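Dropping the structures in below, format is structure tokens.
Look for chain A in each of the two complexes below; its partner is chain B in the first and chain C in the second.
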Partner chain A sequence: MFFDSDLLMSALRALTPILLAALGGALCERAGVFNIGLEGMMLMGCFTSVATSWFTGSAWLGVLAAALAAAAYSLILAVGAVTLRGDAVVLGIAMNLLAVGLTSFLLRTVFGVQGTFDDPSLAGLPLVGGFTPLAYLAFVAVAVAALMLSRHVWGLRLRGVGEAPDAAATLGVSPAKYKYAAVLISGVLCGLAGAQLALGNVTLFSENMTAGRGWIAVVAVMLGRAAPVGVLLAALLFGLAEAAGFRLQGVGLPQQATDAAPYVVTLVALFLSTARRRRRTANSPSGATT
Partner chain B sequence: MTRPPVDPTVELRGITKRFPGTLANDAVDLTVHRGEIHALMGENGAGKSTLMSILYGMERADAGSIRIDGREVTFGDPSAAMAAGLGMVHQSFKLFDSLTVAENVVYAAEPRRFGLLDRAAARRRVRELAEEHGLAVDPDARVGDLPVGLRQRVEILKLLHRGARTLILDEPTAVLTPAEADALFAVLKSLAAQGRTVILVTHKLREVLEGSDKVTVLRDGRVVARLVTADTSADEIAAAMTGRAVDLDRVHAPGTPGDAVLEVTSLTTDAVHDVGLTVHAGEIVGIAGVAGNGQSELVEALAGLRPVTAGQVTLKGRDITHVSATERRAQGLAYVPEDRHAVGTAPAASVADNLAMGHHRTSLSAKGLLPPATVRTHAGRLIERFGIKAATPEVPASALSGGNLQKLLIGRELAHEAPLLLVEQPTRGVDIGAIQNIHDQIVAYRDAGHAVLLVSAELSEIRGLADRVLVMYEGRVTATYTKDEADEQALGLAMAGGAVAPTEAVD
Partner chain C sequence: MLRRSRRTLQLVAATTLMVTAATACNAAAKTDASDSASGGSGKSFTLVTPDAVGQNEFLKLAVTGVKAAAKTHDGTEKVYESTDTASQQQNVQAAVDASPNVIVLVGFEFADLVAQQAKAHPKQQFLMIDACTTKTFTNVTCAVFREHEGVYLAGAEAGLLSKSGKVGAVDVLDTPQFRRYSDPFAAGAKKVAAKTSASTRFVGGQSPFDDSARAKEQANSLLSKGTDQIMAAAAAGNYGVFEAAKAKGAFAYGVDVNQCVSSPGTVVDNVIKKTDVAVEKGVEQVLAGKTGTSVSYGLKEGGISLTGLEAGVDSSKCVIAQHKDVLTKVKALRDQIVSGKLKVDDPAAS
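Presenting the complex of A and B:
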């Protein structure tokens, strides 16, 4: 049988890092910061978690360090886009490129290896019922984010800041504060996503190991319309695609083709959602917006 | 009627603000008393907005002092001004479209339960305030779905929720129907009667005369008149604003219509339903209507910018229903769009280049090249003919004032000498002086034998210029009037959807 509980399990494992990162991206989106630096932040999390776990022997310290390091790294976006009013897209791309170079360099200087650092004594995250605690945390984070955004005063203000920063400012709400908060939280979540990837899904660090998952998270934000539950569903779609790709290898398809599954799904999903959005804008009445 | 003297609520003394190159406010004194509706008038650039920005803590004055309720204050930002009981409704509303009315009203001053937003309390609060002040609006409606009149109510409710005792409204009626404007003034009067103070920033004379107690007029950053509304007249205020006598509400002589130039039958687009109209040479046909009733879409369809789903459009007898905008222009159509910044001009390009746009296909092109000298002479000619005030033709169009940018746009389009001119909101946000100039140009164009289709939300403009008036409501032409029949009341009623008797049905 192709669809079975194993497939679902592996889909849920594949989903966790994407979901954590996408949740951070969604918060940024709601606050009016287009965050495409998720990939880079996640990669920083991967390396930091592995390095910290290796030197301290504790996977949990690795997780904590990953969250802090990625949050610190996210300051590049916060300072650049919010305080200095730079272009968030350019900053995000720069952060992603820098993260690849920086982690590869650190891999060489800290571990003295190239490509991959892999050691049997590297402490990974424990499994509870087949999943790491971070996987459960991801689902809790969806619920918390949904509640905060829709019901909490903080969420109301954040949504207002994202939609009309001027209006928020005239009411005494500082858009910069909320944007900083959203970007820093996305940093923390991407750090956790990286730790999940490097100490949960596998127990190693290899160069550019995020392999586009941060970009997929960006797409998940768009597909899920930056709503936590929508993002969860989008991430689930990609998780299933990745798991199905693995499964297809067993059927005898070449690995290069099956590895492409999540990316093909991404392209198709993006294309469909854009087409749908364009049709809707074409139908909506114009002229009444002045 | 003069009220018994009471202590002033808002007192500005010697407010001076200098921007590079201009003195925006020059020792301005403004005194507003409790319970008063005080109009602050002046042309664009007279310093009204600067003065209000200073009062509201958005700008800092170079000199002068502000006293609120007798206490001297300095506001570093709007929230400090709000804490002192001031509240401002900006001309462009500061609302969150995707949030509900209740969420907008309580934003940043939310009723809470355990840190969560107490929606029930927010809703209740909106209902209470709405009932108390006659500002009925559904607390659960999404603000983005509301018409502008109701959005404005949300803005006012927002201020009342915060306990504002002095309300500043910046050009509040610019986007309202006459009926909505009347309703607004009824609300303002009842607020004033309760002891709240209203400062009205506007350039519309009629509503100032009807709705205010006192008037302060600014010109070139200085106070040039302090008037008691009951003792003044529109002409006196206009003269103070412009510094010279102006003839308001001038009704131009009718034209002498010739052959049909534009014929539209059963035109239908996404927002226009079954519209038929004819414009003759030597005739101005006016389309009145509140913004958003399909006028813009109609004009866009005629200009070739919006697909037509049914019906036919002919220009001088040739079917242009489905031809491109370029082809329409070649056939003899010129177009002054509503949005002069985004559509009508390229703000970053020079004045000369803006004046050349469109003409690059015709008179300016020399074997596909644009000789700079030709562009310069062309610009010089139009600048002189239409009295456009620009430092040099090389400055970017964005450096021009609204009135001058509009003169540029209208001049450029008139210079095509096209048989048909489509012109939308030709004087929106333009000073009284420039309005006269623009009106004269449009009438002269008609008198030269061209057909003009004029869309305007300004009734006095429609009545002054148009030889025939059509009213659009919800995408349809619901009424037609001759120049004589088109009085303010009939038009106002038809614009609000109350048209029952178009010309044909009267006799």
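Presenting the complex of A and C:
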């Protein structure tokens, strides 16, 4: 019984935070802002959701606060990269580092503990059919984002801003406005991802608890070529690889090997997708990629 | 132009003043500390911790141990709490500069620092707890723990309490040192119930020590195979393991300190490291002149124990408090290990 419903459940639980963050990253990518601060924004969401849930007793207020806090935190990237024209990669790395330090510091000052804050009376998100409502919301968000980007005028303009900002500006579309919107939405989504991780997957906060999930999300954005459905498939691949990795330990594979599972999957998927893309490019008469 | 430069001058002056004041404060604090050290007539002890003591039960016990040692010798104790690698280094240096009778250091973080300082200051006595320098020095005494003996007893409890006959462990990493928390658990369970099957999951990943979501999934993968007793040795991930066990009505075992309080009704017992015992005994050993050796503390020396075997088990919120019959059997096993009749295999022994 290697593939069973438990494996699928486990994969979907691993998938949700990554998917939410990656979706935010994809919108930024489409708007022409390379966002690698997903990890830090997610971590801010984790802490805010736990702190708010603890002091108000409501997990939903925690989710709301996480979305707002991460959106506010994402302003660093928006102001820095869009208004001040700074390097988004440098800003993203700085945001990730700052988030680890800031949340550890707040953990000490607000809760007076180090490492982990955990209390049996901390309110977590309710489970509907084994998953939190945020997990379902993630899938709805994929559909909404896909429709917006392909059909709605707002999404089309966003893509225009990302692909040719000067052309968009001549048409009367303000690139800065759309870039700000994309970064702020990615902040909200990362906040939700953090809340899902800290109040859904587990019900606690521990320092650096995102543990690289934001980076996996960045890779999912690249692998899914910043298309919502592509990102969903990439995130699903990671979720399955991780869940399968856990199971492989059960059949006797060493941990060091199962740890590598998500990365091996990434490499294989990258090779396959670039090979396919190159073949398609070679076949098409104009040589243009889509 | 003139005005501006004057203002700048003022600013510089003010800054200089502030810096001087801050330095003065610092110096004052330091003198204070050394005064209190020479205040007592007896011995002086300094404890350096790798992290802030705060709520860290493991380090709190070390503080208790140093205080007890100071009391026995009518001496004084000082505690230097570190917060990061840089402050660890500064604290060790400050401790060496004050030259107390014994400097006590807790944790593997200090191994390299102590090796350097021990060489440079051959007259200074160091006591390392829960770790040791790779090279032996005549002025470095070490106290290490035989965690596997406690884990074996926890495994025995699991074997006796398991209804499905399946026990498991969620461990941090697949290394010999960490296997001390998983292999003996299986051995202990099989000792009391030969048909028990056991398996281990390692958290791994990018940050194995604080990925509680991953630890929870690993626990879930054990639970879905019918495991109903889980040894949780996943550092911060333990909380994830407890959550998973609680959701499925299974049971878990904690480490280092009493973790029953964080999940009452789910955590059966804990393998505890009694740092206070190691500190007190270690200090005696150093003062008696038996330095430069590494002493290991297990069940026999009272350095390792289970919450269930200690006084106050009834108020510990541990599940084991309701299973006196199991405790009786485990106590018998402990006595066998203490007397040397029963030997627990050490996965870290090469």
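Quick note on the criterion: the second predicted complex is superposed on the first by the 248 of 290 C-alpha atoms of A that agree within 3 Å, B and C clash if a C-alpha of one lies under 4 Å from a C-alpha of the other, contacts with A are read in each partner's own complex, and residues count from 1 in each chain.
Keep in mind that, in the parts below, a residue touches a chain if its C-beta (ideal position, glycine included) is under 8 Å from a C-beta of that chain, and two chains touch if they have at least 3 such contacts.
Keep in mind the model is a prediction, meaning the values are calculated, not measured.
Shared-chain residue A:Thr203: touches chain C; no touch with chain B. In the superposition on chain A, A:Leu171 makes contact with chain B only, while chain C stays out of contact range.
Of the two partner chains, chain B is the only one that A:Arg151 touches; chain C does not reach it.
After superposition on the shared chain, chain A has more residues touched by C, the comparison being chain B against chain C.
When both complexes are overlaid on chain A, the residue A:Arg159 reaches chain B alone and has no touch with chain C.
In the superposition on the C-alpha atoms of chain A, no part of chain A is touched by chain B in one complex and by chain C in the other. Remark: chain C residues 51-52, 54-56, 173-174, 199-202, 204-207, 210-214, 216-218, 220-221, 224-225, 236, 239-240, 243, 262-264 touch chain A in the complex. Against chain A, the residues of chain B that register as touching in their complex are 77-79, 82, 88, 90, 94-99, 103, 107-110, 112, 115-117, 148, 158, 175, 270-271, 291-292, 294, 296-297.
Within the complex formed with chain C, the chain A residues making contact are 4, 6, 10, 13-14, 108, 112-116, 118-120, 197, 201-204, 206-209, 211-212, 242-243, 246-247, 249-250, 254-256, 258-259. Taken together, the chain A residues at the contact with chain B in this complex read 151-153, 156-157, 159-160, 163-164, 166-173, 283, 285-288, 290.
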